[in-house]
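For reference, the structure I am asking about is given below.
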Amino acid sequence: MGIAKRFLFAIPALALLAYVVTGVMSLVFSEGVRLQRVGEHLADPELWYTVGLTLKVSFLALFLSWVFAWLVLVVLKGRGIAVFRFFSVLPGMAYALFVLLVLRAVGAESPYSMGSVLIAWVLAGTLYLCSGISEGIRDLGPRGKEALRTLGAGPVRAFFHHEFSGTRPLQGALLLQQLWFFLTSFSLVMILGGGPPSETLEVAIYSAMRLGQSDVSKAVALSLVQALILILLRFSLNRLGSAKPARGISEGFGESGKKRSSLGISVVILFCLGGLVFLGPKVGDARAYLRPLFVTLALGASVLGATLLFSISSYVSGIRFASVIGSWCSPLFLSLALWSFSGFLISPFVNVALIQTLFFAPWFSQIVFPLLDRAQRSEMEAARVLGAGRIRAFFEVEWPRIRGGVIRVLGLVFALSATEVSSVLLFSRGDFDTLASHSQNLFSRFRIEEAAFGVMAMLLLSAVSLGLGERRA
Amino acid sequence: MRDLEIRNFKVLLPGFSVSCDDLRVCPGEWLMVRAPSGYGKSTLFRGILGLESTEGEVILGGARMTEVPVHRRNFGVVFQEQLLFPHLNALENALFGIRLRRSVTEKDRRRAQDAFAELDLSHRMDAPLHELSGGERQRIALIRALLFDPDLLLIDEPFRGMDDALISKSRGLLERHLSTKSVPVIWITHQNEFEPLRAKVLIGGELNHGRRHFQYHPGQSQAD
Amino acid sequence: MKWLFLCLAAAGLTLAGCTRSKDAGPSLGILSYSSLGSSGGFLPGVAERFKQQSGCSLRLESTLGATQMVSLLSDRGLRGTIDVVMGVDELLQERLKGEWVQDEFPELKLRESLLPLLSDRVRPGWIPIDYGALTFIYRKSAWKGVVPPRALRDLLRPEFRKKFILQDPRASSPGMLFFLFSQDSLKIPELRNSWLTLAPSWDSSYQMFLSGDAPMVWSYLSSLAYHASKGEGDEYGAVMFEEGLPLQVEGMGIVRQERVNPCVRKWIEFMMDPQVLREIAEKQWMWPAFKGVVLPRFFDRVPGVQKSAKFRMDVKTLDDLLSRFGKEIRDGDR
């Protein structure tokens, strides 16, 4: 591709990069930051205590999640695993509340501690790793294992050399992603951690910038350490090899897996509908939810469009890191930095859509870019030789291959957008509400049943979105 | 009549090049390209198709193909790896070339069905790709290359994996097609699969490290 | 492709719909950060009425929290459109007092109109609007046979260990007020093992309390009115500390601008209207700061504040507490 064309494609990605860099620089070089103060914070034992605690609990949660994920996979043999994917869009608060319910039921004296955070993280991690690894195993297909068995490998060795070793790069990618979730986990730690000193880096950043004192130097110091950890992790785990989802046709597992996933999501949808019907009479005027619902849909659609645009731009132009910039640093710090730059400069709706795009574009890159990397060059050439131009060859040959992954991730991004609340609260300036922010506002005014109604509507929307993504994939 | 002319032709790859003598192939004539494995046959093939950087000229019916984009050259190609599309079934793969040019008509479907019947594939028309054997895919790739009436045929070891009976039927299909629409044929092989009557031969050899050259032997149909 | 186009079109329409139109005529820019400014909150509810009475339309802005508000007001370019800031409590007032006009509006007779409890709380450019008394709300059924705490030191008794929820002072004003209130009676390291958790906000702490995680939560005395409105008035009680109760007073700050917006005084007078103050009380469950307001009947269930606690609340004290908070917590763990 010529330089001029490449530059044209790069414009959206470059614009996003410029936006992020300008925002962060404007905060870092604002009056609130002193390099000397940043240095003092970096030398503060309190900061390193927080770092140590974060890493200890994160790595322990990661290890336990990985072990439990394999146990679940072996025991269930892939049955019902597809349903787990739905839980990946639930906010951390949902896991926190579930763990609290369970701990209360078993009579735990003190449910608020890093131990509870660990339990919630292991639960979330196990579900996520299970669904990811099971997809990888499905993509491997049975032929390799059959070959191992005919060569003389028993069940255990065949399992190790096929399912386990065959998904090693994928496991590395999933573990990295899950570790990122842990390191940037916020509401879950805030609720379950019990307050200081049980706080992770993300919570510490929030605390440094939340109330009046506005110690941006401390937030900058914490963010630097967190970014360094994420960079080191990414490089070291990438050496395992990038996740290579195999191409191709389902070999019997795909169809039944899809049916199980559809069944699970249908159950969740029915549950949400039941909740809405039950709460309906307590809500009064349900029309108050119509505008937030419409805004949620429009915002989700905008975020989808922007995510596609930025991701394609960064892939085609080669500036891939632009699409994953949101995953390299603290989402909270990024939000606050961008607010300080553009909070009152850009229209609120655009602000919210941009920040959500930054958060969710890495999902798109992680799932779709490896598929694009494995473009079947020979088949593309065959299509071109047979008479298809470049774009038509892409849509005739490559799009059918990657369509499943793209649609699935778009369904996921929509669901994530529908349940995201902090970006709306931060950037909307009261101009509009989504279902999530509307529910949050109701809750803060004691209107619990109405808030629960909004949460049910939100969950229903995300379940429908995921379900559509599964079915059309 | 659309003759194929190749002049001062060289395919350029990093550290490697493949060239051939100047030659002319008339419609109905066959150009057999022979060399052991790894000598650059496929590279030459790709160069003529326009998939690699080249020097020199490839002229078909007076038109300079080197100035025409790949997808507009109207070449019928049977690839060594078949390169059928896994998301399409057998019949859809065969009709793919037509679909890229115009709407598929009932006549096209009948032609395809006739070709399938001739190659013992009638019962496989709706089969997904992963259910087809190597030999079946080979035959479908041949049908695909012929159905849209190309101006030049390039065929890379199309009879691999076939028994004698199927080779005979495939040759019959090819020769029948050429009798109605006579076009030049370039045929890549490294073994004696068959010997057409009007065949010219390019035989590959190594000049020195990194340079391969194919010499033209008019009328020779024996492998070296 | 057509779905993408439809999505983009829908987004464009929503963008247009979400962009506020500029009203012609005089207007008042109001910034808030509490639930005051959100949909269904007090401010959007009175915008139309204020316009009819005064001829001034409201331009509402809201931020997520105090930090954003501080950041916004310290930016000379951005603050130009803001005339009034609502929901400013005394803690935030301490930080922002340099941004207000230096006028106590004596002609409005604010001090005489305020409740005696609050008449000395007027500051230049800052007017109290409503207030709440903070204390522990408890579930009576959980304290059978146990006497609720009477003094702050009682919180260290074994029967209250892990039985109450506080808020993180770095993230929550009620939480900060607790630690300021208790700074002379209780040391953080000794209190550390007594609380069940430091919740990130009053919202989440109260939800934990309602869910049964702990029988007692640091909250507003007027929460009893809310429970009364739900028919649960007899189930909850409030601790009346002998040290008195800290008051959280929220008010509005009048932003210092080059030219005084004539709508500002109209807004102040509007906010002193007893009917308007009653609406605030109904939505926010806080007491109005001014006299002459007839409260919803559920407020009858709330005991009066006999003694308001006095404690240091200056910026230096705040910053000192915040800077040593983490370390003292860890000291309490050892």
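List of remarks:
Every chain is named by a letter (A, B and C) in the order it is written, and numbering of its residues begins at 1.
In the analysis below, a contact is a pair of C-beta atoms (placed from the backbone, for glycine too) under 8 Å apart; a residue touches a chain by one contact, two chains touch by 3 or more.
Predicted model only: the values in this text are computed from it and were never measured.
In terms of the distance between Cα centroids, chain B is separated most widely from C. Of all chains displayed, A has the C-alpha centre closest to the centre of the whole protein C-alpha set. The centroid of the Cα atoms in chain B and the matching centroid in chain C are 80 Å apart.
Work out the mean CA point of chain A and of chain C, and you get 34 Å between them.
Between chain A and chain B, the centres computed from C-alpha atoms are 48 Å apart. Contact residues of chain A toward chain C in the complex are 31, 46, 49, 100, 104, 109-112, 187, 190-191, 193-197, 206-207, 209-214, 288, 292, 294-295, 297-299, 301-302, 304-305, 308, 336, 339-340, 343-344, 347-350, 353, 422, 425-426, 428-433, 437-438, 441-446, 448.
Residues 248-249, 251, 378-379, 381-389, 392-393, 396-397, 400-401 of chain A are the ones touching chain B in the complex. Interface residues of chain B facing chain A in the complex, by the touch rule stated above, are 49, 51, 69-75, 77, 79, 81, 83, 85-87, 96-97, 100-101, 128-130, 144, 148.
The touching residues of chain C, when paired with chain A in their complex, are 4, 6-8, 10-11, 13-15, 18-20, 32, 35, 37-41, 44, 60-68, 70-72, 74, 78, 91-92, 95, 162, 166, 168-173, 176, 195-200, 203-204, 206-208, 210-213, 226, 283-285, 318-319, 322, 325-327, 329-330, 333.
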